[in-house]
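Order as written gives the chain letters A, B, C and D; numbering starts at 1 within each chain.
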């Protein structure tokens, strides 16, 4: 884990409110594993006390790309970055996705910028699988072409029907699951809104498959120190946990999304906390 | 007095840490009188609660220029403005210099960006006079050419002797005063560091001439409401004053630099307040 | 998208008997005595006009520097410079009488008697709609402590002024206390018609190069966006402790912070420091509250007051 | 240009018997228990390491959201989640023992007995150099009020712990009081070796769209640059009231704010929220203090402590 001052190489509009920021990152870039994130600071945004976490969309030798959506003051300030500016990167952070086995079918489910968090996984996978991409509108369907280029099947759903099937991404997933009864050796990887993650978790547990979910929570330090980003997880021999705060009789403990996560197997997550 | 959202037309480096910001200001620009100022807000500098006051260097129909020195976070953020950006202008503010009579010799004394505050006065004057420009180094001598172009005599002094005479601007002034004994009908106009203003005041009072000094004080509202920018002034029939707070027996009262000033006749100023 | 009604939402509120067309006031000391902002802001659009603190005699305030910008806010030590009650009535009040907007006079004194006398002086003066009693200013005689941080003194000054004034009385509380609800209750029990909070938070800045205080007065009061979360908690606690209306202030820069105060229980709000940043902030706040109500299908701003939902109960640790 | 000496300035200070190579510590709760930042910051360079608050039993803290950014700062309501005294000693302390830096444990309890017992538990534990007594946390039993805002309770808890611990004892004071000097004196008179201040300022944020509090715990504590001017004033007042050393904290982001605390009278300082913004802030602060001393020709940081010049006396108003 490192801090690096990274030069902005480009910062282009993708679609709607989404942009791709490409940074020169000779130190952190090469170390990133799929599902890990970086914690970013804009030197010109001096009033922001917190860094902002972003999944790494792509790394390519000494460069690192982030695919981001403009939602607030941090991301709007990011949109103003131009070549010649620099940002401070802290990373790579967190525990990413586990490696994909040759003998399974990876099933990726993404909502909005969740596609960005899954692309590196797909690129490094030893087998091609299928990715379900969902969003409200055409603009929320990101980098589908990139997945197709590397040989993955892409199923698109939008809530307004403006691209792909009309409906929720989980409806397309359900239709596919009903159809593809013969391939039980699958593992799910998902990133997107909480409701989508819960739906994927439910399908996986019903079918007896593993599902690795990448959680998104506002963060403080990103380093495991502030305990802002905690998630309730089950106490089990396999679950990642902050041993010291276990009260065993309660059956649950906190895991830090920035350190033990952001990726958790769905059975370890206790959903009653928001 | 108006608020105007002004487009940045250019923002060029002048010399050293000085820059000239040219703004499209069809509303405020044409109203500005010599010695008045504008209160400026940078929309991107959201963490700054206060506007920043700047004398108007030049107005030309619908444009308005500021000549500024980068000294802190506001002026450093100003240096990053580019065409396409906008700023918020509040102005014109304050009471500027009195008009120059045809039958006197105007003597201008400026330190650093004080030259900017005096240029409009020189341009609109019915007679040409002499301007004494002082600074620490060559870089602090600003727009001397502009004064020469409009037919003014310019005497330059720098503390390190890198341009003009070596020494303080008041030394050059004193030398000139000793020499030019025959022209008693003069009025001083000065803008620059407090020590320079005090020296000019002392020369003017000794010689029996008027001296109009433009004071520089950190400001809050710029509108006369917050009472942050006050200056001790003598209570006299001629002095500008905030009548309501006079305790006549004390012989002094506060004047608001943003409203009754920034220009005061030197005899009205009480220097014991910093 | 929420359904939007076509009706214009109602913005009028009543604060301790003062009828306001909307809940947005200006905070004392940040808008002068009227003329200063009148060229930029139509004073007739304001919910109420609160003038800079007035004392019995003219007061010179502190030496300069009196103001410094700090991260997220401002430190000021103006020292309550003002023309005195007679100067105000003679030189400024006639201007304010030209407007429909209710005028609330912020008053202060060095001692109990001054508070009493300045309040009494306004009884026969037309064009005054209420008194805001600043009990959160430093530098006053009695006991060396501000009236606003000593429960017994707060009670005494409010009771004393209450006995002398016919006008709606609005003590302005100090944020510099451990338990704001206690002071809110004291104000209510002493006969206040409303309370306003918060005043600036005691603070200080040092120039490390010269090793001197930045402000001539050494210490000052912190205001602006930085104090909004602190003010919001105090307004929430005060509003739950009393039945009289609360006027919330501290760090309002847009409708968002004003709405937060209303939701936390304030009946009206005041804009202070933001007037320096954007002179027309009050107008943007009034319009923004209207837009919010329309967007959320709320017909009357009073439905918003105290509508905070807090179903969470913290774990026991 | 000031004359610069060639000698490296001395940075060492002693705080209540704890010898520190420099006056820069980390603030409790913002740097974890050691391993979290060790990959980025050489812990051997710190003046002292203060661990996150430890209680007798493990504590789960509050539900989420626990943190939100506000203008100039941060609101947090972590709720003192921690592994308990035994968990800390077993799982974390061995790591910290690998470093030369003094370790100060921040402790808290729900009641007097818990404070006493957790303090006592550290008496026989090697590798602990001091106890910071957090008497400024909410949610504790006795009387429903925090120990830190009630003079009698503050006195009782400090006296009780003092009687049980051999270690240097450093009460951490609440900023949420009208008169900080009073609490500083209580700490000194109750046997404290030093005091630290300030803890976070009680505050709140509301999401106006949902009309709910942003933090699950409803209220939280404000920290970061926004609180520096408030902290500076309290440190200045506390340092003038007592003889024991004061540790200043609140809003340090660079050497500038740290120097201001020292000049105001603090013997040491702690960096909190800024660790999240720039993990290496402590190192920049240490280097920056050294550079400042060199530039100003000051040979020893102790010459700076309490060197504020305040010749101004405010006008009488």
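Rule of thumb we're sticking to: a residue touches a chain if its C-beta (ideal position, glycine included) is under 8 Å from a C-beta of that chain, and two chains touch if they have at least 3 such contacts.
None of these values were measured; they are calculated from a predicted model.
Chemist: Which neighbours does chain A have in common with chain C?
Modeler: B, D
Chemist: Let me check something: if the centre of a chain is the mean of its CA atoms, which chain is farthest from chain D?
Modeler: Farthest by centroid: B.
Chemist: Could you grab the centroid distance between chain A and chain B? Build each centroid from C-alpha atoms only and quote it in angstrom.
Modeler: Computed from C-alpha means, the inter-chain centre distance equals 56 Å.
Chemist: How many Å are there between the centre of chain C and the centre of chain D, using C-alpha atoms for each centre?
Modeler: Centre separation, chain C to chain D: 33 Å.
Chemist: What whole-number Å value describes the gap between the mean CA coordinates of chain B and chain D?
Modeler: Computed value for the inter-centroid distance: 46 Å.
Chemist: Compute the distance, rounded to whole Å, between the mean C-alpha positions of chain A and chain D.
Modeler: For chain A versus chain D, the centre distance works out to 36 Å.
Chemist: Please set out, as single numbers or ranges, the residues of chain A touching at least two other chains.
Modeler: Each of 47 in chain A touches at least two other chains.
Chemist: At which residue positions does chain C touch at least two other chains?
Modeler: 59-61, 63, 71-73, 216, 225
Chemist: Show me the residue ranges of chain D that touch chain A in the complex, using the header's touch definition.
Modeler: Against chain A, the touching part of chain D is residues 29-32, 35-37, 39-40, 52, 58-61, 63-69, 71-74, 76, 78, 81-84, 87-88, 91-92, 216, 224-225, 273-280.
Chemist: Provide the residue numbers of chain D that touch chain C in the complex, in ascending order.
Modeler: Touch residues, chain D against chain C: 55, 59-63, 70-73, 75, 79-80, 110, 139, 145, 149-150, 174, 176-179, 201-206, 208, 210-213, 216-219, 222, 225-230, 232-233, 236, 251, 256, 259-260, 263-264, 292, 307-310, 312, 314-315, 317.
Chemist: Note which residues of chain B are touching chain C in the complex, please.
Modeler: It comes out as residues 1-3, 41, 47-51, 88, 90, 217-231, 242-247, 254, 273-274.
Chemist: In the complex, go through chain A and note every residue touching chain B.
Modeler: Against chain B, chain A makes touches at 44, 46-47, 73, 80.
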